[in-house]
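Two complexes follow with subunit A in common, the first pairing it with subunit B and the second with subunit C.
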Partner chain A sequence: MSKKNTAPRLGNASNSIGSLLASLTCILVGLVIGFIALLVLGWITMAQDGNAVSLGQMLQKTWNSGFKAILSGGFYSTANAMGMGVRTEILQAAPLIMTGLSVAFAFKTGLFNIGAAGQYTVGAYFALYAAIVLKLPWWACLIASALGGAIWGAIPGVFKAFLNVNEVITSIMFNWIGLYAVNTLIYQGGTGAMYNTNTTKTYTIKQASPESLLPTFNIQVGGKDYFGAIFLPTIGIFVAIVAAVLIWVVLNKTTFGYELKACGHNKNAAKYAGINDKKNIVLSMTIAGALAGLGAGLFYLSGSKEWEPLVSTALPAAGFNGISVALLASSNPIGCIFSALFIAHITVGGGFMDASIFPSEVSDIISGVVIYLCAFSLLFKSGILKMFQRQGKARKAAPSAEENGKEREA
Partner chain B sequence: MADYVIEMLNITKEFPGIKANDNVTLQLKRGEIHALLGENGAGKSTLMSVLFGLYQPEAGTIKKDGQVVEIRNPNDATALHIGMVHQHFKLVECFTVLDNIILGAEPCKGMVVDRASARKRVVELSERYGLKVDPDAKIEDISVGMQQRVEILKMLYRENEILIFDEPTAVLTPQEIDELMDIMRGFKAEGKSILFITHKLAEIKAVADRCSVLRKGKYMGTVEVANTSVEEMSRLMVGRDVQLVSTKEEAKPGDVVLKVENLTVPSKVHKNNAVKSASMEVHAGEIVCLAGIEGNGQTEFVYALTGLEKPSEGKVTMCGQDITKMPIRGRSKLGMSHIPEDRHKHGLVLDYSLENNMVLQRYWDKEFQTCGFIKSRAVRAYSDRLIEQYDVRSGQGSATIARSMSGGNQQKAIVAREIDKDPQLLIAVQPTRGLDVGAIEYIHKQIIAQRDAGKAVLLVSLELDEVMNLSDRILVMYEGEIVGEFDPKTTDVQTLGLYMAGAKRMDKEG
Partner chain C sequence: MWLLLKYTLLYASVLALVALGGMFSERSGVINIALEGIMVIGGLMGVVIINILNAAGVPVFLGVLLTILISGLAGTVYSSLLAFSSVNLKADQTIGGTALNLLATALAVVIAKRINGTDSPKISYNANTNKVLNNLNFSFQIGPLTLNWFIVVAVIALVAAWFILYRTRFGMRLMACGEHPQAADSVGINVYKMRWCGVLISGFLGGIGGVAYIVPAVGDWNFEMGVAGMGFLALAVMIFGQWKPLGIAAAALFFAVFRAMANIFDSIAFLNALNWPKEIYNMMPFIASMVVLAFTSKKSRAPKAEGVPYDKGSR
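Moving on to the complex of A and B:
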């Protein structure tokens, strides 16, 4: 009897450690494969150029001017690389965290939000409209972006809840509807209010409405401004981190999160408990959409990129990378922060390789392999848990025998 | 030396954290019916899975005809002429009986399945053993009893000598059970050996020669059924004296709590209505039992009462309030508790911890939340209290993931949750399905206690023993209609069986 009360919550703890180790294993294997890809690709390039190199030399070259750059590029400060490095990494990571959260949040409710890209697109439009046309302050623009994403997420939610149309199909279609609708609305045959005919892009927010730009920050390292004076990072990353913490709280500490997860784990039991599953499906997709839309706001309101309605024929990568981020994080909101940082890190790092030998797309290979392996992460996890158990059993073998003895006496 | 056809010697099978079989020995004589008795989680199914090649034991040997054999998978078992009728049938619903029987052992002429010769053999076998089946009927169209006969024919078709029956009577009517017993005796006369897994002592008494008992994974011994009383066997199984028949006071029915008028519920599976204009009443302080064979509309009837499905016609009144269209949460707040038929589908969120499951019907209550934030301490305290009070056993107490708990304890957790809500009306659907006598005794006591506390109880059960034992009034449902009402004191199982099978019906009084 006393046994059950003293039992620690080890099950849950070792479970999350298992998830973490599984994700780390994915990353490690991904990096190794990336290194091999670099080695082979580099060697082929060298051979084509007529340079015969030994394996030793090639290994050295791959490490020094290729792989090391991938690993450390994201850490470079402004001083040595024109605003690249850390600044770019956190600029890219912020929307990734948000789209990752979007997918992870929907996952927890048992929904697969493959529409983060579309919600991101619509969010971007709302943010740009609020900034360039309405000239609202930055925080209002962020709210607008979340609103846009929310609307775009809610539609597949409504279809799913009331017509039982699979959310995957609807959101894929709404990705494309969103993309071309946004292109059309911005361009409007060249007369769009946001469209700058000279650049064929939207007007820069810097010119159109400077107060719509996200505030920037700088940090002091050794008495100097770490990010220099010109290219400063925005507070987007902090907004994203706060959002991740909020989502974690909502999922784990509130009755709303309790209901959402109950729906996700077992729709029938949720219904049995009187939970309105239809309402929860719509709400979950709406919130997921808002998160993705906010991600677009964080990116476009940083002023580093404009929308190009004539050439934007592919869905924004941040949307689909959100799925990767969520998978790598096992749908843990806090985990999304780190997995987004990782993916941004290797993407940014890829740009620092010696481009004459190594194609920067190798970073995509690495993240691709990592994501691919994430599909196996459950396998890794169960393997890791088994290892734990075996060790635990060996350690516990002696005392548990005693315990059994005691129980029998009692 | 006795002539043993199968010997499982000192079998030990471990799962993480539990020894499912701890040095278990089972010796099956040629031509006997050997019962394997044990509570849920005692390791019966594990032991049979070891014999059938589904699990590899950590220790121990299996002998067939005195020779040590290794059974690595079900194909090895089949090669040794060991066959098994699983508790949940393994049949292809949209195939015919014949195709199901020959599946995996199809006789071929070149590339073509030789159905003609297969049919001849199947018909031969079914006549020889009195197993009436129509080889061309589709599985989805035939009754559960018939499906079981198909499973048995599958074993015979493969010329199995050792037949394992895993709780075969759970889904049958009393008449079908009698038939099955006859079939088993027939096999015995043919020299086949039968292993019969059950926790129904009466059946063991009726048909088995010897009985081996498992308790918590340990082998408790083998007894000659003829010289052993039912009480002794149950004591061996549970480890203490068990009241096999619940004693209860005379019911004192009070006001009408639940009133159902002409309720009609459409079926999800076929075009007909699952429930056809059913009417009934449940009073405070009485246990009304809805008996019937599985699939005769009881499930849909309860769904309509609890709000899981919408009735197409009729009216449901609870405590004087029309609840026909009330949402589920509203009914729950009005004092309806529901122990659902399928604890995994409806009763529990299996991936939630036990404590989260304990508050599944009450998490929104002020006691457990403020401003939408769950008071985890209050939840933990409440869950700990229920665990203590209702003796729900689990590995890690409140933090245990419900999925990892045994079926009996999952059910106890649901019973605890639903009863502790202090309901006006308790709807319990097969509350003891698949549970062992210890747990059944406990749950029966709880249900009677509810009645004695003046609550209305509607019990839906397929187990006639349970029906006879608990109810104050019995209603029989057949094909969606209530075909009879009985007083358990003046009726018997055989009569009920006739009504359940649709052979008889009472005329509706005016």
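Moving on to the complex of A and C:
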């Protein structure tokens, strides 16, 4: 009971500071565990070589060829690949913001959208179809990707609202159905319209339909173009940021958003207040799906990667990393932008480690640990809130005594 | 036909083992969505142990037994992370489980790559690489039918699960904790302890299920794909089986037929004539589970208190 009472009294400001500090704690612990993992990996490699190693040497090696890369990966830059790290990071961050928003939006309405990976997959198919086969302009392809995701998101919503099947189970099943369906549709026994038999991937959008590629941009640093001419970032990141702001507005400033949140807080109370809970469940899953699908559009329409139907046996990581993004941001749409940048940062960094010693998946371990910690970050948060409360009380105690004094004087 | 039976029994044993594990966890009141991750860890450990035992040259029977036990223990250890977060820290069980699924695949890939010393997350344990202990040692023949030891383990687990759940004090107490933990606590049952037990049992069975899925069917495994959704299918089996051992056994057989078709459709004449791509068959168990859940969920009776962290203070 006490927890429920304190939150509103403390107000939004200290509540969100509490969330922020809790998230930072999660990140810090995650990084420490990542460092330990790297240390162990380094130790194993050195022990295999049969050399006696001192702890100092090991720490140095782990730091230089492993952890430093993870921390600074997103800022990686060479003379002929200027701004490469930053470009890769914002390229990956754009879909992550979207899948993070997808999960966060569903969370706010009381649903757990574990299906962002499947919605992302179907969104990618719609985007690629619109681009390679229909040769539509980029904005139409983006709408197509959102549509694909929306359809795939609506299904678990319908199952939940009308058939009483838990959305977690449905989403998981439709993740796999979506993956296999997309692989089949693209490959079609080697005859698929988008399938390039020479590369065993889909045709590059650059060849098939250049107008479907997202526009690129460059920035000036010290009078020079920051990004080398071959590596230009796309406007995807700005689309994602605009989407985050829009979702924030919808959730916090509109009646529609209020109704969705009311359903999430207490379904029965919302029903009693005349809100159609079934419609809202389907709608919020549809919107969540559209967000994840749009994320896939932002990634695949940047032309940096093609779909490989024969080797895509695992669900896209962007979908599941969306869960980390949303949890780290405490489901705050604006927070998703920053947490997505963080996850993209360590993922890009993972790829820059010395691969002969440190597999790049160490960064996945870090984000896995971060979600695990986020699951009980409420614990951190309530601890931090208690700290605030104690300070608040101490501050309040003094002026109230003064006020009492004044009253008496009067 | 024998081939269909072989693969059906193989996958039924996997699904039954893992779903029984899930049943113990959920009957104690903890949603175990981490089954997929537990299977990955169990499978990885099993494969690693097979290679270690092969190098050590242990007798085949002992090797098989140790592999099963150690992979089960690996699953148990991994599931303790779920128990700790959901019982002691009262964390959201679905999120904790999801985290463990992601963590398991990442861990498995990193460990597999380190073992290989290359960038490949594929580990082999077939007759070509392993002379003493390999995947074929886990199977045996009865006439024209190939069976494997995990089927035996699954049958034992099924009987034991039924007996433990319905005929022992422990089982009754476990179920009480999943239905009404407050009432259970009021008569002196330690809810935290029972929930820990439930999750750890699910870890043990899930770990064995992981190695049962990976080892008898193929001779090498790419850990990048985890266990391809088998743990989630086991969850559907558990729901379809209504959290009861016998129901789970029947549901496991039903789903296993669909899963087995993906392996053998090209050797069955009329399926081969349809000329469908393999992916359709891969999809089938998932579609089947959705159809089944759509029809049964309205009547579905899950343990009442599952997913709700038990707080002694709020009794």
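Here, the second predicted complex is superposed on the first by the 376 of 410 C-alpha atoms of A that agree within 3 Å, B and C clash if a C-alpha of one lies under 4 Å from a C-alpha of the other, contacts with A are read in each partner's own complex, and residues count from 1 in each chain.
As a convention for this text, a contact is a pair of C-beta atoms (placed from the backbone, for glycine too) under 8 Å apart; a residue touches a chain by one contact, two chains touch by 3 or more.
On a predicted model such as this, the values are computed, not experimentally measured, just so you know.
Of the two partner chains placed by the overlay, neither subunit B nor subunit C lies in contact with A:F352. In the superposition on chain A, contact of A:W307 is made with neither subunit B nor subunit C.
When the two complexes are overlaid on their common chain A, residue A:F342 makes contact with neither subunit B nor subunit C. In the superposed three-chain model, the partner touching more residues of subunit A is C, compared with the other of subunit B and subunit C. By the touch criterion defined above, A:F126 reaches neither subunit B nor subunit C. In the superposed pair of complexes, A:F299 makes contact with neither subunit B nor subunit C.
In the superposition on chain A, A:K253 contacts subunit B only, with no contact to subunit C. Every residue of subunit C that touches subunit A in the complex is listed here, in rising order: 33, 81, 85, 89-92, 94-96, 98-100, 102-103, 105-107, 109-110, 113-114, 117, 119, 222, 224-226, 228-229, 232, 235-236, 239, 277, 279-280, 282-283, 286-287, 289-290, 293-294, 297-298, 300. Partner subunit C is touched in their complex by these residues of subunit A: 37, 41, 44-45, 48, 112, 114, 159, 163-166, 168-170, 172-177, 180-181, 183-184, 187-189, 313-314, 320, 323-324, 327, 355, 359, 361-362, 364-365, 367-369, 371-372, 374-376, 378-379. In the complex of the two chains, the subunit B residues touching subunit A come out as 16, 306, 308, 327-332, 338, 340, 345-353, 356, 360-361, 363-364, 369, 372-374, 376, 384, 387, 393-397, 399-401, 404. Listing the residues of subunit A that touch subunit B in their complex gives 4-5, 7-12, 253-256, 258, 261-262, 265-266, 268-276, 389.
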